[in-house]
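Shared between the two complexes below is chain A, which pairs with chain B and chain C, respectively.
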Partner chain A sequence: MAGVSGSVSTQMGMHTEPLTGRDIKTKFRLENEGGFAYHFARDVDFNRRAEIDCADIEPTEINRQIRELMDSGHGSIVLRNPGAKHSLIVGILNRMNIIVEGSLGYFGCGLLDGPNVRISGRVGWSFGENMMAGVCVVEKNAGSTFGAALRGGDLVCRGSVGSRTGIDQKGGTIIVGGDTGAFSGFMMQRGRIVVCGNAGKNLGDSMYDGTIYIGGGIQDLGVDAVPAELTDLDRAWLARKLAMYELLPAAGVDHFTKIVAGKQLWSYDNLEPTEKKLVL
Partner chain B sequence: MAGSGYKGAQVDDVDHFLKGGGIDSEREQAIGQHIGYRYDVNLLPDYDRLTPFLKDYMEFMGWDDLNWLEDVHMGYDDGQAAVFDRNINGWVAIPGDMELPDNQQDRDMIAREMLIKFQMSPDHPMVDLYKAYRKF
Partner chain C sequence: MCGIAGLIYRDGTRNIGGEMTAMLQALKHRGPDSTGFAVYGEPGPNEYIMRFKVAEQEDLGGGTRIHRAIAERKAAVDGVLDEIGVTVLDRDGPTEYANRYRIAFDGDLKALADQVEEIEGTEILSIGNALELIKDLGDAADVSGAYELGGFRGTHGIGHTRMATESDVDIRSAHPYWAYPYNDIAVVHNGQITNYWLMRRQLEREGQRFVSNCDSELLAVYTAVNLEKGMTLEDSLQRSIGEIDGVFTYLITTRNELGMAKDTMAAKPMVLYEADDMVALASEEVAIRAIVPHEIDTTDPYDEEVRVWQA
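Right after this comes the complex of A and B.
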């Protein structure tokens, strides 16, 4: 690590181990060039469409049938009669179009990396948990912990969502057309939450980083969540993103409030050198 | 402005972390390493600067924008331009002989393009991980 050997802490005898070698480092090589999909991804065609009738089928079997259809090159799959079953459409690391005609239960669309999913009904708790990439659009309301630990992609709910929306979010964008409940953005680390309506108690509590945009009222802010200036880049991005999902308010985006981390909870600058040795 | 305390947002010189490693404050000098991110994690992309490759990638995936790549930026590790690959939890260094643009937005677009090329390569470590640990 640059500068360690001559640092004050080294001179004080505080380093008992080298600080180098903790990252996996690799060099980009031009011969690494691949296509647009993971090397192990299934080769699917968006124009090949199939349907699954989910009535009287267990979730495990529905997920297996989805993978079988992907293996045979289907890039668009329609799920009929999902019956609010839990844990459907999970762990897909592929480009795909999936249309759900109805509602999903708990833990729908978790661990996705690439698919575009449209759901005509509602979804239960922890929808889109740990999603890496892709687009999920829910036409009606969603339960609590919508987009928990989201890492990338767009998660959209046209209705309202429950509490702890985007808890532990590490990237990506959550968009809510209606209201969001208490503790939204709790311990958020990166990414963006956009709420066109109102936000409940303790918005952004203990957030490390990331950005929250609220179009309506905010009941109150959580610890270390603070207002920030809405920049031209923010406005352009908000208008573009909301227009993509037909959620751009008629009044535009100038009325949105931007909330960020105050950086008072975790600033290593405020730690004593001995504490730094433990945490860095 | 509260909330803009991340180091990357405070840096005016785009080459700051290439020149000095970011060991600036008294605290950083005391511990001998930079504190915090070496780039602005909240910087939104400027879509006027999309590269042709990224446009093709968006079309292939069926997306109207950069999607997960909005969170990808060019960072700086050990005085070298690099992009963080979340799939290997490590930095991928940009070749030293590559000429970098003079602004962060264009650098971010290059980082996104190079990360895609790296992740989709048959040489990517995730190919072996997938074989070893895939559930289905």
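Right after this comes the complex of A and C.
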């Protein structure tokens, strides 16, 4: 007997709707040489290092210079004097190292897939939005919507972050050394959020799935966010992940609270795998 | 989306006009329609600075009659001031329609403001011992240049770059707003107040005056009423979070204070830099970097956060 969810999803056209856009089957064929890279990914050498002084350059020009350096094979790029400018280091689709000596403004490190980014200062709103893979580490604080719609990779802020951290998160891991603001994990669908400090109000509001770990206090939980038992697997994962970024508390991880979706509003567990692919 | 900025020094005066200009120019992309400043100089004994306009900038394109009307309105203002016993110590007109009078007056400020504003096309932008409120169409560099703000020395100030969304592109709808008729209080706001009409009607029934249809003006009037009731600035800011509905981050200044409040959703940005000698706030860190170019530690205030700093 077809389940209720199957019937509803058929009526919604989910079974017959073709997948469009970038697809892993067409873009990552094993038989094609180099088939694991995007069209715009560069083959770079991590040992080739270059620097850009951003002091008197507009963001568009800085991003263009980064691409030129990647085109010429540079795999390690240092940005000096970024001056909290907006929209820097975006759309980089290959492995490489980027070191930022200073702070970024809004929408930094968006749409990344692969790079390893280290930022010595702070970052503004919407840092790491839609990142698919790679590692970004921020040494100071971050603004709101940190890791919005994150799909993969590790996004780390050693300081505190603003509100709506991990909103609409679809995968990957967000780690915060300090506190996070209101509505963190709002509508998150997959992935993990780890906060070593306190969380503001409405934590995990309307979350579909995913896991949130909070080391400090929680002002209150959002709709359909519920506490869950911290398992040995959780402890091991937390300890390993936090140690990787030197954020493992001296007291360990036993005091962390685990928050998951109650799945009373919506449960993806009732969907077929192809349907999940459409919605997640 | 609008940009707001604030700056306060804890240890004396600086070139507040120049620094606020640099901050607001860095926020030009957030609002190119108009720019406004509320800056606080050193108050003179028993003196007020009255800033007022007798026309909108756009009126000047309406033919030659407006020039005669402006001259007549200025003369009418002078007549009213003379009638109610105001001594004008100094007159300055940065533009044809904007005026700065240094006056001596020991009467009721509300009566003064009301009588001046009875003159057609005339609006008082501010009256204060220390406050000077300047706003006009254009970016920060244009407005600051036209009003010669570049060398203004003072202790603190707030400013606004406006992207007009729900009211007109004119000086009347530009920020900051003076908290009529109270001496030395000004407000800038980024956001949208959704219970604006409800609260405005309530305040109007209580006798308060509104000059524009801009929702941000509500914050100035609301704060003024609270302070009149004896509330502290911090209490008023705190209360506003529960009573004002919508998304907002706003800054408010008194003669020696700069305050900030953020709504329950933290939907509008604010970056805060606190040093030993100064505090700077802005919608974006680039504005703070315009006056503090070296690497600094900044934070984002959280939802429902209220802060007040003293000059």
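Methods note: the second predicted complex is superposed on the first by the 226 of 280 C-alpha atoms of A that agree within 3 Å, B and C clash if a C-alpha of one lies under 4 Å from a C-alpha of the other, contacts with A are read in each partner's own complex, and residues count from 1 in each chain.
Basically, a residue touches a chain if its C-beta (ideal position, glycine included) is under 8 Å from a C-beta of that chain, and two chains touch if they have at least 3 such contacts.
What you see is a predicted model; the values in this text were computed from it and never measured.
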Contacts of A:74 with chain B and chain C, given as first, second, both or neither: neither
Greater residue coverage of chain A in the superposed arrangement, chain B or chain C: B
Contacts of A:106 with chain B and chain C, given as first, second, both or neither: second
Chain B versus chain C as contact partner of A:141, first or second or both or neither: second
First, second, both or neither for A:163, with chain B first and chain C second: second
Partner chain in contact with A:46 - chain B first, chain C second, else both or neither: first
First (chain B), second (chain C), both or neither touched by A:209: first
Touching both chain B and chain C, residues of chain A: none
Footprint of chain A on chain B - complex, ascending: 1-6, 21, 23, 25, 27, 29-33, 35-36, 41-42, 44-47, 56-57, 60-65, 67-68, 70-71, 77-79, 82-83, 86, 88-95, 114, 116-127, 130-131, 134-136
Chain A residues within the chain B interface of the complex: 1-10, 19, 23-29, 31-40, 46, 64, 67, 91, 95, 97, 114, 116, 132-135, 151-154, 171-173, 190-191, 209-211, 226-229, 233-234, 236-237, 240-241, 244, 259-263, 267-269, 273, 276-277, 280
Residues of chain C defined as touching chain A within the complex: 264-266, 269, 271, 284-286, 288-289, 293, 295, 297-300, 302-303
Contacting residues of chain A [partner chain C, same complex]: 83-86, 102-103, 105-106, 120-122, 124-125, 140-144, 160-164, 181-183, 200-201
